[in-house]
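Per-chain numbering from 1; labels A, B, C and D assigned in written order.
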């Protein structure tokens, strides 16, 4: 059964130094509040997993928490590069970072394979791409019926998956609505999982018999964090702060301004006040 | 009427889309081209965004492929694993839009690194959906600004397969999809030669000379037998496009592109 | 774009002798009306595919339309055997029938692989079961990362998939709600598809952003058939006729009573009147 | 109080379930046992049906695993592919209920054919979900009526793996799940020997003698060192069970089982 905890207690209890951690969100419902709490608690030596690392990962990498990144597209969507990520990869600041680079299709399949307790995922991928040559975790098999060559990637099984969702009910069941990305798969694939939610309701609304729901027995901990996805957005609650995404380019471009921003907007805030 | 080179590219790309197409839409210019087409000559054009939104009809351009408006106006929104399994790999997408930091004469693309992979001069965002978009969509439209820096003789890294390093590898791999069928830049339109699959200039945008294209291309660019002039953007096309960008700027509080 | 046709025209246009046909429904939304139309038009030499063949397949097999059945559990749920199926398998009446037998997990994966345009599906299956020995379409591969032996089955790609759904809108988009089984996968995996619906509405209700919807461009034809799932049920429309499922045991046990029932309830009715 | 053998089996199976279990429920007796447990000592017991309904709380027993009531009372309903991929194979089910036409001393089951596969005397419904339920659930409870016809020395066909033909194959295959941990028949309770994995009688239902079990078992059945008597059904258990069946009969218009 999922346990209701403060954000501080949940992060402290679930995320350990050296863990592989997936804070997933495909542009929607990105768990910024939880990620900032990981920064505040300085939990380092992490392998960060994320299909589309954006500002939150730029911040965690810029704070030196990550020794390795497993990803498929790292950028500030519609704006440009992630300067802290590039600084780490190109100049090893604040520390060198290893990359395991995949395609979106590979990581989406790998999360699904993890949720299905499979050792690997199989799909038609990496055809003619150099990505297969630079990533030992891309291999190929021959279809036993047609002989077609298919790509194989290891299943993703994070130690911890952290996602943000709209609602949890009193029993700890979680409702995700809108662009749900790979959040369900990440939670089901992980050993431990934290879901931050906008609100707790008596019973989940019965919008559709096929709504995307994570039963309480598939989630380790739930923390209430209204606004916990900002500057990303929460379908039905608040819009995406596109202006901040644009502003981040300048903030993150210089190491000093980045560190000052982190100091003011993350380190000096408590977990319960959403950034 | 005057127009910018970005407007020229957007209008030209939009014209290549039809009512029967199902487009896998990336962010930026492709998104503008698809929505322009949908709002002008191809109202039944269907837009599918990587984030899982199917047949979405946004009123403003999304800044990212996961903007809220995409979900609100979509027929439905599926998970990202399902999007890549049933919809992209399932072969239901007719047009995939792609771009990159570098393109070569056979439509292969690099969006991974400039320099050596292990110690790159520039670490680019990465392939994202591109490698499988290139393999699974029936046809690929490449949309990129024309410069020697981007149109290179040899890619630093082949992220996304076009027709292959020599133009023949795609076929040799047994792929049944067409690969790059059109390249639209701010200078011209290029299409692959039927046999060699080398991209050739087939149309020059108004005011663009052959020399200009030669100057801006990092390989000895070929011109097809007949090279026409790309029709200029019509007043209606520009009006709809500019309204779209204005609405987007207002909605996102960001300067229009 | 999907085309609105009469049930008669849709079946005549889509289902050809010798086709592989999947009339799917996991106890819910079973396309009885369409199946009865196939019987009325006497379209034979079919390979029938269905995870859970129940009364409808008992009827089609009893009418001699099927030369082959691909299935994973054939019975009258909670009641007993399918007597027409057993008569065909055990005594070759009205004609011998070949069987390709799988497990539910295998067929569910195989439909998903078909929808994903994969040549085969891979999963942890058939461990220690004789089913693998009697079905040449069950093979094994070794995981390229862990060496674990995984089962492989060919993807299911029916010539025609026929399903029943609650609603279609004027543009031909289809909404499925409740126990959706493998219906979406069957339609997406098939070359041609027919969806019979309870009703056509101006616009599909926006119950949830993640409702199960088949866009019009993934469906070949739609026929309006209110009650088209009876005696199965349609979530939100009518309940399952459990009494008939029980009564079918006696009706189907004897060849004569079966043929009489088919004559009265199927052959002598027109397509547009739901049985 | 008097009770039927079916009621004895249902009550005994229900008692083996706890608040922390997640059950993959088949139709018939297992469905009654799970719902009885949920309505008595294990209110937080979670029921998952193969049709995709997750954490469903039916007020009447479903005639099939896809009855409407299952969906209406479920937390949500997922597709059948997702049920087998993320929920069953994902290892989230603690108890899988299985039965069959035949069971052997190591808990292997036959629900495929009696006689030769190619020309069977009796063509049974088939394995359905069983082969993967047996592999993926943490523990298997077998519930079957006790008869020589069903409890056989050698299966006609091994549809579903228990501990394997010699009791050791399951472990040899590297399966990390427990396999058959409990068999409840209308005569007794059986559990596998820790080493040999052979099912042994550990408890006799009230009024059932050892000879009766020996008589009804097609192999030389073993009895564990200590054999107790299965506690009789309590008044409350029978009352809740009979109410459940009465509501079901009324709802389905079919005779109560």
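Rule of thumb we're sticking to: contacts are C-beta pairs under 8 Å (C-beta built on N, C-alpha and C of every residue); 3 or more make two chains touch, one makes a residue touch a chain.
Model, not experiment: these values are computed from the prediction.
Return the chains common to the contact lists of chain B and chain C.
The shared contacts of chain B and chain C, listed by label, come to A.
Given the two chain pairs A-B and A-D, which is bridged by the higher number of C-beta pairs in contact?
Here the pair linked by more C-beta pairs in contact is A-B.
I'd like to verify one number: the distance from the centre of chain A to the centre of chain D, where each centre is the average of its C-alpha atoms, in whole angstrom.
Each chain reduced to its C-alpha mean, chain A and chain D end up 40 Å apart.
How many angstrom between the C-alpha centroids of chain B and chain A?
28
Would you mind pulling out the distance in Å between where the CA atoms of chain B average out and where those of chain D do?
57
At least two other chains touched by the same residue of chain B: list those residues.
Only 71-72, 77, 85, 89, 136 qualify.
Taking each residue of chain C in turn, which ones touch at least two of the other chains?
112, 116-118, 123-124, 148, 178, 180, 184-185, 209-212, 235
Please name which positions on chain B make contact with chain A in the complex.
Residue positions touching the partner: 27-28, 50-53, 62-68, 70-72, 77, 79-81, 83-85, 88-89, 108, 112, 117, 120-132, 135-136, 157-161, 164, 169-170, 173-175, 252-254.
Once bound in the complex, which stretches of chain C touch chain B?
112, 115-118, 173, 184-185, 188, 204, 209-213, 215, 217-218
Where on chain C does chain A make contact in their complex?
116-120, 122-124, 137, 139-141, 143-146, 148, 150, 152, 154, 177-178, 180, 207-212, 235
Can you list the chain B residues touching chain C in their complex?
Listed in rising order, the residues of chain B that touch chain C are 22, 46, 54-55, 71-72, 74-78, 85-86, 89-92, 136.
Considering only the defined contacts, which chain A positions touch chain B in the complex?
Residue positions touching the partner: 26-28, 51-52, 71-75, 77-79, 81-82, 85-86, 89-90, 101, 103-105, 108-109, 111-112, 123-131, 134, 148, 178-182, 184-185, 212, 233, 235, 239-240, 242-243, 245-246.
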